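Labels run A, B, C and D following the written order; every chain starts at residue 1.
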Amino acid sequence: MGRHVYWCPMRWSDMDVQGHINNSAFMVYLEQARIDLFFGHAAAAGVGTIAQGVVVARHEIDYRRPVLYSAQPLRIDLWCRQIKGASFRAAYEIYDGDVLAVQAQTLCVPYDLEAGRVRRLSPAERSFIEQYLDEQYLD
Amino acid sequence: MGRHVYWCPMRWSDMDVQGHINNSAFMVYLEQARIDLFFGHAAAAGVGTIAQGVVVARHEIDYRRPVLYSAQPLRIDLWCRQIKGASFRAAYEIYDGDVLAVQAQTLCVPYDLEAGRVRRLSPAERSFIEQYLDEQYLD
Amino acid sequence: MGRHVYWCPMRWSDMDVQGHINNSAFMVYLEQARIDLFFGHAAAAGVGTIAQGVVVARHEIDYRRPVLYSAQPLRIDLWCRQIKGASFRAAYEIYDGDVLAVQAQTLCVPYDLEAGRVRRLSPAERSFIEQYLDEQYLD
Amino acid sequence: MGRHVYWCPMRWSDMDVQGHINNSAFMVYLEQARIDLFFGHAAAAGVGTIAQGVVVARHEIDYRRPVLYSAQPLRIDLWCRQIKGASFRAAYEIYDGDVLAVQAQTLCVPYDLEAGRVRRLSPAERSFIEQYLDEQYLD
């Protein structure tokens, strides 16, 4: 299906004292995009384990343009890369109107919360994630 | 002077529904460490321009161990790398007791907020930052 | 025009460790509703001074039902009470589906940020606010 | 023992675009003060049930003076009022240096999370809370 699009609302309180959306707020925006895909859409597709059973191992995030608060949501394009037995990357582009404002990727690791250790992707999880496979990423 | 040490208080609300400190909260912790050094200590040393006039261009952050909320603060070691004419990197290690929980670095870019463009480090800024120069970083 | 309706998105990170939306998150929801009316709609109506020039002097908030995170937004009904020369109250009801979850009111005080003192409502501000006048409030 | 004193660190990101600590940040400060007393100190005194088993039913908060970010913590005085069979009030004063900046109170209700209903204070909880009893509150 290619990339997943999530329209991300900003909040007034995401602005810092300089009047820009604070860099840490974008981490919350990326989380909302992951929740939308891996919790909402995955559960609707019968794959309820990704959101609860995946932890963040690494983020990389590039801030390309400052963003001002607006009642208009940002558009987050989200896709998956480097899908392996026990990890995959979520990649993102955040657009403010037509402007690419932020580019990021997250190393996601399936995790058995009860056992407290890394686990392998289940076939159902892999199958869901592969629908959003796109290796492109501008380093 | 080597690395700067900042003792970072956590908040109950930094926990997510799984009972761990949420990954995005660490971005705020890193910001507090930068504010402590580049705003507080730099201003006390007569270099008031770093905190207001430096923007974040990129973060990389590795989550090595989950962190639970505690009234005891985390220890953040902060130092500077790759000091160039118009950029430098802030590098960090976050310790939860004796455990290295998070490792990160931030590409910092001096910025002229009024003119809205990148600027060069002033000699006073460079001189302050170089006191915390340490090129070591475990990739 | 009566009550203003704002559809308020929740965030995953608004949940606390017990799995409920944290009580402090609702303060941010109320702020978003005020911003939507007093910043967005007021500016569109040519009254740009309310959002920037009004401070919060007091909140009262009653939590009637716990709220769970959902991708569906909450509905906030917002109206104005006790409009005086130099203050008014914003009153709110927050609905989670059909359930009244939270009821609140905020004492708002027009403020001259530059002079650093309370000021009177301008005729244009009063005229805008009076469109949302409704004295009803269930104590 | 009278009033409990909690020294509350602020964060740079608690500031809003006007350069003041945002009104919603104080809700998080009050939560930290409650956690410090009802979770930390209560558990140390062998009363581990208050923090996990008490929900917030109502807040009232008065903002008396704007607060600017500082590396110096705010002082929160916390005490208990109107201790009844199935509720009590936490009352607070927040001082910025010598200045009373915020005054607030919270209606706290013991709650059985598993059964999903209000419960009565246990004798051990009541005994702990009564150490901080002080009915004074400036309405």
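The rule is short, and it goes like this: a residue touches a chain if its C-beta (ideal position, glycine included) is under 8 Å from a C-beta of that chain, and two chains touch if they have at least 3 such contacts.
None of these values were measured; they are calculated from a predicted model.
**Q** Chains shared as neighbours by chain B and chain C?
**A** In this structure, the chains that contact chain C and also chain B are A, D.
**Q** Farthest from chain B by Cα centre, which chain is it? Let me know.
**A** Checked the centroid distances; the maximum from chain B is C.
**Q** On a C-alpha centroid basis, what's the spacing between chain C and chain D, in Å?
**A** From the centre of chain C to the centre of chain D is 23 Å.
**Q** So the centre of each chain is just the mean of its C-alpha atoms; given that, what is the distance between chain B and chain D in Å?
**A** Chain B and chain D have C-alpha centres separated by 30 Å.
**Q** Report the inter-centroid distance (CA atoms only) between chain A and chain D in whole Å.
**A** 35
**Q** Could you tell me which residues belong to chain D and also touch two or more other chains?
**A** Only 12-13, 22, 24, 28, 31 qualify.
**Q** Note which residues of chain B are touching chain D in the complex, please.
**A** Listed in rising order, the residues are 9, 11-13, 28, 31-32, 35-36, 39-40, 71.
**Q** Flag every residue of chain B that touches chain C in the complex, lowest number first.
**A** These residues of chain B touch chain C: 12-13, 15-17, 19, 22, 24.
**Q** Give every residue of chain A touching chain B within the complex, in rising order.
**A** For this pair, the touching residues of chain A are 18, 22-24, 27-28, 31, 52, 55-63, 66, 113.
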